[in-house]
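This report concerns only the one structure given below.
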Amino acid sequence: MDDAWAGSIDTIKKAKIACNFAMPSGETGKLSVPGSPLYVIEHADDGQITFPGGLPIVDKEGMLIGPIGVSGDTVENDHLAAQAGVNVAGVCDVPKHPWRS
Amino acid sequence: MDDAWAGSIDTIKKAKIACNFAMPSGETGKLSVPGSPLYVIEHADDGQITFPGGLPIVDKEGMLIGPIGVSGDTVENDHLAAQAGVNVAGVCDVPKHPWRS
Amino acid sequence: MDDAWAGSIDTIKKAKIACNFAMPSGETGKLSVPGSPLYVIEHADDGQITFPGGLPIVDKEGMLIGPIGVSGDTVENDHLAAQAGVNVAGVCDVPKHPWRS
Amino acid sequence: MDDAWAGSIDTIKKAKIACNFAMPSGETGKLSVPGSPLYVIEHADDGQITFPGGLPIVDKEGMLIGPIGVSGDTVENDHLAAQAGVNVAGVCDVPKHPWRS
């Protein structure tokens, strides 16, 4: 994206955590603040980014087929752009699972 | 574990910190929030994970023989699964020590 | 700078984040505390420093031409020294942008 | 130290930050919590540890000649042991400086 922040090249790895845990990166971020269950999860997997803009893509069979990550604007706008991308290919939510909470 | 999060491959290194400090990973996590004695310990040893699911295994002689780490469900369930594993081989608590606090 | 902290060699990479996001490093730091939009951005780009002392340099055409970073004193003084450097070559603020928030 | 935590091998790098900034590691830690001037300084210099147990050693001429780091017990005891080591060789405080705050 022209005129995006140079730093966005790497923060786009928010897509990685969206795929790793099948949830929007911003949701993981809410769970990673001090006192929350996933505090410091950013230290795993060579550094993860947990602010909004990364989303999982789930196809019609309920399979997680990959993530999308957008970076370069406010995190709210990044999230909206990522959501638009997901809508083309599927949804964000994995189906209910017999044992996964 | 089928259908576990892909990201769990690396968060399972919570076992490392359980062995490193002979205490459940979640206990270390309580000590690593801002203002607590071990704040930022996650930056040591190439990145440590301090949420529940990692447990030390101590044998009948009171020797720390290794850790167990479980990841892929909620941290509460990960902890329970790890505890079940420990129960097969020993306990989690190291014996009292003459000088270690 | 004679008698500066040895550790300043690396904290000077606060210049990197000033260039990456075209804002003073201290501003990024305010956005990276728990609960703020860029929480944990320090984990991106091989480790970023978000306290004051790093500033972007914007030329007369409004182009971000690079950053300046100062480290070795208090963060307030580091910031002042960096600002003096910027004043020689340009300003810190990028111009308004049609879509960037 | 026999029966010290295995994880102490790496947390002893608290000595590094004591030397880097010529102050006790625990003092740096107080400055690195969210909202404080050196928030996230742990991300510099390949990971720094900022809890107590690292101390600078300053000789009779006021020169910082190196650090000492102790790890393996509570952070309070680690600090006391490090202080005992410093007392053999010098003091912890660098002299007043014409421009360094």
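Note that the chains take the letters A, B, C and D in the order they are written out, and that residue 1 is the start of every chain.
FYI, a residue touches a chain if its C-beta (ideal position, glycine included) is under 8 Å from a C-beta of that chain, and two chains touch if they have at least 3 such contacts.
All values reported here derive from a predicted model rather than from experimental measurement.
> With chain centres defined as mean CA positions, report which chain is farthest from chain A.
Relative to chain A, the chain whose C-alpha centre sits farthest away is D.
> Between chain D and chain B, is it the same set of residue numbers doing the touching on each side, over half shared, or a different set?
Under half of the interface numbering overlaps between copies: different.
> In angstrom, rounded to a whole number, how far apart do the mean CA points of chain B and chain C lie?
Each chain reduced to its C-alpha mean, chain B and chain C end up 37 Å apart.
> Just curious, how far off is chain C from chain A if you go by their C-alpha centres, in Å?
26
> Mind pulling the residue numbers of chain C that touch at least two other chains?
Residues 34, 43, 48 of chain C touch two or more partner chains.
> What pattern do the touching chains form: line, ring, star, complete or other?
ring
> Applying that definition of touch, give me each pair of chains that meets it.
A-B, A-C, B-D, C-D
> Considering only the defined contacts, which chain A positions touch chain C in the complex?
Residues 3-7, 9-11, 13, 29, 32-34, 42-43, 47-52, 72-75, 77.
> Show me the residue ranges of chain D that touch chain C in the complex, using the header's touch definition.
Per the stated touch rule, the residues are 17, 19-22, 34-35, 37-41, 43-46, 48, 97, 99-101.
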